[in-house]
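Notes follow the structure.
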Amino acid sequence: MTIAKIEKLDRLVEATASARDARTGSLWRQSIRRMRRSPMAITGAVIVGLFVVVAVVGPWVAPYDPTAQTWGREVFLNQNIFPGPRAENWFGLDHLGRDMFSRMIVGARQTLLVGVVATFIGFIAGAFIGGVAAAAGTFGGRWGERCEAVIMRAVDVALAIPMLLLALSVAALLGPSLRTVMIAVGVAQIPIFARLLRGSMLAQAHSDYVLAAIAIGVPKGRIVVSHILPNSLGPVIVQATLVLATAIIEAAALSYLGLGNPDPGSPEWGTMLADAQRFLSGAPQLAIYPAVGIIVTALGFTLLGEAMRESLDPRLRRQE
Amino acid sequence: MLRYTVKRLLQLSVALLGLSLLLFAWFKALPGGPENRLLPENATDQQREALRAALGLDEPVWTQYGEFLSRIVRLDFGSSLSSGRPIATELAERLPATVELSLAAMLIAVGLGIPLGYLAAKRRGSWIDFGTVSGSLLGTCIPIFFLAAMLKVVFAQELGWLPTTFRLTAGADFTEVTGLRVFDGLITGEFGIAWDAVQHLILPALALSSIPLAVIVRITRASVLDVVGEDYVRTADAKGLKPSTVRGRHVMRNAMLPIATIIGLLLGSLFAGAVLTESVFAFGGIGSFVYQATTERDYPALMGFILVIAVFYVVINLLVDLSYGLLDPRVRVRK
Amino acid sequence: MALLEVEDLRVAFGASTAVDGVSFSVDEGKVVGLVGESGCGKSVTSLAIMGLLPKGRGRRTREPVQAAAAEPVDSGLKVAASAPQAVAASGGRGRRGGADVQGRAAFDGTDLLSLSPAAMRRRRGKDLAMVFQDPLSSLNPVVPIGRQITEVLERHRGLKGDKASKEAASLLDRVGIPDPLRRLKEYPHQLSGGMRQRVLIAIAVACAPRLLIADEPTTALDVTIQAQILELLKDLVETEGTALLMITHDLGVVAGICDEVNVLYSGRVVESAPVRELFRKPTHPYTVGLLGSIPRLDLPIHEPLTPIRGSIADVIRWRDGCAFAPRCDKVAAPCVDGEPALVGAVHAHRCVMAEEVA
Amino acid sequence: MALGLFTACGSDGDGGGDADTAEDFDFSCPERTGEVPEADTAKNESQPFVFGTPGDPTSLDPILASDGETFRVNRQVFDTLLDADCTDTVPGLAESYEQNEEGTEWTFHLREGVTFHDGQALDGAAVCKNFDRWANFKAGYQSPNFTYYYSAIFGGFAENDPAMGIETESIYKGCTADGLDATISLSKYTSSFPGAFTLESLSIISPASIDAVADAAIPTADSPLPEYTQTVGTLAGTGPYKLESWDHSSQEVVLTRNDDYFGEPAKVKTVIFKTISDETARRQALEAGDIDGYDLAAPADAQALTEAGYQVPVRGVFNLLYLTYTQSHAPLEDHAVREALSYAIDRQRIVNSVLPAGGMVATQFIPPSLDGYSDDVVTYDYDPEKAKQMLADAGAEDLTLTFCYPTDVTRPYMPAPKDIFDMISSDLQAAGVTVEAKPITWVDYIPTTRSGDCPLYLLGWTGDFNDPYNFLGTWFATESTEWGFDNPEVFDAIAAANTEPDQATRVELWKTANEAVMEELPGLPISSSPPSIAFAPDVYPPDVSPLTRENFAQVYFTTGS
């Protein structure tokens, strides 16, 4: 159905897979060496590293309880009175009199959690579907091929629905919560991962070493698990890095549509940004802190992912 | 070609049937019935029950699905919970606005993205390249609703250069032909209206174009880098052709293949972006409608939209694949 | 005076040198061969003459000449080890692929290397033209071949519309393509490999160039087609009086078509002689090795082939000694004692042990 | 027969100067002061007045609508028998009315010389034709999603369609016309009357219009509305404006002045209602001059706009937000616990910080602008120490309560549910209560809270007309799972008030009922707050109304700026 899109994905797969063919063991080492020289990769890695550190230590270094409305009586959101940055509150107060700085650094963890869990859900489920489809299609005979066709048609249909709407539908089903955001964004990524892994595995399945393995009679299951699968994960892992960025942005969009994390106990950047839209003219800083957080973090993951992709792609590499 | 098209259409209807089942299941599984959306909070339980019964929500699921399907085939997606009007009508009325916005956004994305991507590829490694690539990556990282809001605050509110909302100044007197205001204004000779419409289009189209622009820049860059390394470009150089001829006939014509694919695919995703953009600018297209449907949990409307967009997306894909044949003679022969 | 006079041509890609002081000449109406293994610098030489190498930024370092080549091969990807070839093969437009070209390539008295890009463009395709190795990838897949021919006619001969089409058809006819009018509308993928190469040749000879450079024109073709293409080239050269620079690794091709031969190794000419002279009395051990690698019908059937040991990556720097020394059977102490010079006039060679070899 | 008095609640139709309570401030309709600016006549004729609305209207037939956006449009085009000025019932199409002692016969004396937009004259027969039409609605017309208000007021239809699920009998007996008089007979009195006659749903349309749409069918409850409700030109009203066009794709309703209007003619020739669903977008459009006014301004925006010179007239309050203590959950059964929780919550902070100007802390379950508001109810002022003490005394120190709030809506009485929830839960936690947040989407919220699953939850109501039953009756008339208490004293007090046809007696009975409710403390009334409406500096705004019944015929552009 979406042949063109499929071709594009498959091209990525092919590119990465053929790089893999060249010399499997040292490929990652190679690309890591190459990435060490790339300003894109370095910038990305620094941002991601910083973000992860903040996310891990955030709750311990936050000066205040991010949920306590300690200064609640100083904020009048109906009169546009939002105390800005000052000695005790570096980023000022939010609309309920909570310390914005503490919310930002504690929020980093929730934001990372949303991204990671959502990506993980998409990855696992997508990899499972794509893997089963590819395995069935390659080794399952005629019925296997039919199975594969059915699975992939379903994936195509899912691909046809814009990611945001897919996430929206899931979120509507489960009711608003942080868990919902994770599942919704994760589910929306499943088709991409499925498509990608299947393409990648098929490319591997037709490679010479697999034919050789079949020829010498290695059991099919073992070929899939110990040969095809590990060699097919490259593009999927790259995609995972990029999806992390998307997941964080999608989570923010869900919040904007009112389907985000409504739990005041766990500040999260997407929700903070969506909440602050109301005060954009009166207190733009409330929106800008989380927006910058989201943008920079997403950029970090994207840079890293793109750098990885480029370093794995032999067509781009040969021109270096 | 014809057989291929027919085969694709057949596959498509099977896929859409599957989608309808999925959507129906989703709709049924949603918590809270529409009666809660339709009635004020003070309505009595009895009134709610009455409405449930009247809406046929107590019938067996398969009867409901049959009814649902037979309606969809007749392009009847039911009535919107918030307006009470047929969803198909609502969507049809709002389609031109979104089409116009999407086209404008695509125009910006293509018009800027291809030259920028080409430039980045040409000057690979220069600051232009770095700036363009990181700019385009940044473009994909800004939540679109935030970008739209910021554009509006800066250019419409603070600087006052452009209008903040609507497709035309309220009360403007115009002749409707296709529903694409700029186009209509031009063909009916109402140039004032066309200009007004253009002004109203700029900001939302800019916001909406951010992601396609970023994608097109990167695809163009990658694609040009790919093509520029091809032997036939060297052949063209060896012929001593003018750089412009090499660029146009040899580099870009080949580089356009993946770009065209991506443009087609992006059109589908524009609709999702329009949901977030149109609401910020009260643009009044399908996006606004869906935003409203979302915030008000008007699920029948959402369902109708998803079906329409799935069909749209699938058709676009078909067109892209077919146009691939036009662009690439190799594919043409194979099919 | 020779039509093309290449003097001390040096091409470097960043730290690695691909062509390291190559000199040779091509006389009007003559066929000169440039022979060597992949990676010896013969393609880069031809591209440098055509001005098709990407501009470098000037040499910044005087790094050891074959630094890249000295890297262990098993470090992963061969591509990385032979970067210059990769660059050249891909048209060399990569960021770090900028080539630094030095020396002289006088064409009819004008140094091509010092011409402005625009002036060079005016000559390319008109005074000197090139036929490439892979006819499929060298033709634009999305443009009908007719257009690919007429564009060069339009550019250099000012022919347009019907005139150009007619001329293109007659060119196709001349390179032996039947039904040329129909073929004009076809795309490269609709032609066979041999036909594509004929099209490329038609494009190259469209403006009756005085020098034609053919870079492995037959390598990608079937053996039977190879002969046809060679015959075609030979025929064109003879009838038009065009000079031909034939770049090949195939000594059979050399024997069949060339008047003079230059053998390249690791970016330098190691032997240069008229073709008969070379085959009769190869002097440099590398030339000997090349000839020994060819299966011959006139030798007893059990006679083993004598391949050259190692690969082109196993080299030392020319200024330290003979680059071929690590692979040479006749290697001796003088071989690695400083730079060997090219000695001789009509039959020149670059081997300090030449007497012993002979 | 008692004379129908428009002066029943103390102020007549002059704009509501002297309030009937002892307060120095009239909650419902603050008096309008300042000079009346000069009109820019040329501009009023040439330039449309554009008003940004949060949503599209749904139906041009008033009886088929139950939402404020539709009411706003229809109110300019159609008239009701009685009108509301502020919250007082004043003459509408009827100059005066009479009711019998039992409240079952209502005779309206119509104005003379009123003509519909289609040229027909208004008389008693026209009114009766409207009432008869409604009572005889068939099939889908009876579904509550189309005629919610009619069935809510009259109980049912002449012949209830079993498919529509309405089982209660209609209390409408008939209508008799006599010249300019129309008498409506009911089988039973409810306190909805006479307030219900001010409701926009019961607007009077011309007899010819009724004939024109007689064949338009709504076969089932989920059928779309008939075409005549979506396009202008079929229905004729009597209002100051006529419908000019409704462009669905531009979300634009255009009205033009009715020059034959029986009252003061409209000042501006063209009024456009244009939908902007996003509240920030509405403000920006006003600031950019794209629109001349809009409704439902966010509280923060209202303040910013005022500072920037825009006009944000404060409406009177006519709604109520409350926190329910569902007594089916054990600890809340204890009156002392409910009382302690009430002391723990700083409602003034919510009002000061979140609610728009004009908001106030509520002391009872009706807003102060309503008849029957009592000044003698028990109040529970913020006292966190007392709250802690009482909880300790009640043996409920480590109380854990689930607290529900809706996630995806803002209601006129609750502009930011999550913020209000956050504040209350923070207060409760300060008093030592562990709060478990339970966010629920709106469609699921009502059923969940109705079933009594939420120990604590936020909800509210905006009144339709001046009738306390509209608030108290729907909540406390009988035992229900949503409140989970059984207190006959409360139930009886409400029943007594609801069935008392005499106005003055009824007001007293409502006061008693309010006091009984606050004694029981089934929940904590939090606040009443008016939704904000904003206008450009060069506009003379209409009188704002607690019922959001603004009359746009009063609007005009001034020469000021």
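By letter and in written order, the chains are A, B, C and D; residue numbering begins at 1 in each of them.
To be clear about the criterion, contacts are C-beta pairs under 8 Å (C-beta built on N, C-alpha and C of every residue); 3 or more make two chains touch, one makes a residue touch a chain.
Labels paired with UniProt names: A, B = ABC transporter permease; C = ABC transporter ATP-binding protein; D = ABC transporter substrate-binding protein.
Because the structure is predicted, anything quoted here is derived from the model rather than measured.
A.B. asks: In terms of Cα-based centroids, which chain occupies the most central position?
C.D. replies: B
A.B. asks: If we define chain centres by averaging CA atoms, which chain lands farthest from chain B? Would you check?
C.D. replies: Farthest chain from chain B, going by C-alpha centroids: C.
A.B. asks: For chain B versus chain D, what separation do you get between their C-alpha means, in angstrom?
C.D. replies: So the centre of chain B lies 39 Å away from the centre of chain D.
A.B. asks: CA centre of chain A versus CA centre of chain C: separation in Å?
C.D. replies: Spacing between the chain centres: roughly 50 Å.
A.B. asks: Whole-Å distance, chain A centre to chain B centre, using C-alpha means?
C.D. replies: Using C-alpha averages as centres, the distance is 23 Å.
A.B. asks: Report, in whole Å, the distance between the mean C-alpha point of chain C and the mean C-alpha point of chain D.
C.D. replies: 90
A.B. asks: Which chain C residues touch at least two other chains?
C.D. replies: 90, 93-95
A.B. asks: Name the residues of chain D that each touch 2 or more other chains.
C.D. replies: Each of 280, 284, 408, 441, 444 in chain D touches at least two other chains.
A.B. asks: Taking each residue of chain A in turn, which ones touch at least two of the other chains?
C.D. replies: Counting only residues that touch two or more other chains, chain A contributes 172, 175, 258-259, 277, 280-281, 318-319.
A.B. asks: For chain D, which residues count as touching chain A in their complex?
C.D. replies: 279-280, 283-284, 298-304, 349, 352-357, 359, 407-408, 416, 418-419, 421-423, 425-426, 437, 439-441, 444
A.B. asks: List the residues on chain B that touch chain A in their complex, please.
C.D. replies: Touch list, chain B to chain A: 8, 11-12, 14-16, 18-19, 22, 26, 29-31, 124, 130, 133-134, 137-138, 140-146, 149, 153, 157, 222, 225-226, 229, 258, 261-262, 264-265, 268-269, 271-272, 275-276, 291, 294-295, 297, 299, 302, 305-306, 309-310, 313-314, 317, 320-321, 324.
A.B. asks: Show which residues of chain C lie in contact with chain B when the two form their complex.
C.D. replies: Residue positions touching the partner: 50, 52, 90-91, 93-95, 120-126, 129-130, 132, 134, 137-143, 147, 151-152, 155-156, 187, 189-190, 200, 203-204.
A.B. asks: Under the definition above, what is the set of chain D residues touching chain B in their complex?
C.D. replies: 48, 50, 55-56, 58-59, 66, 140, 143-146, 148, 151-152, 163-168, 220-225, 230, 248-252, 254, 270, 272, 274-278, 280-282, 284-285, 287-288, 290-291, 408, 411, 441-447, 450, 459-461, 470, 474
A.B. asks: Spell out the residues on chain B that touch chain C in their complex, using ranges where they run on.
C.D. replies: Spelled out, the residues of chain B in touch with chain C are 124-125, 228-243, 245, 249-250, 253-254, 257, 327-330, 333.
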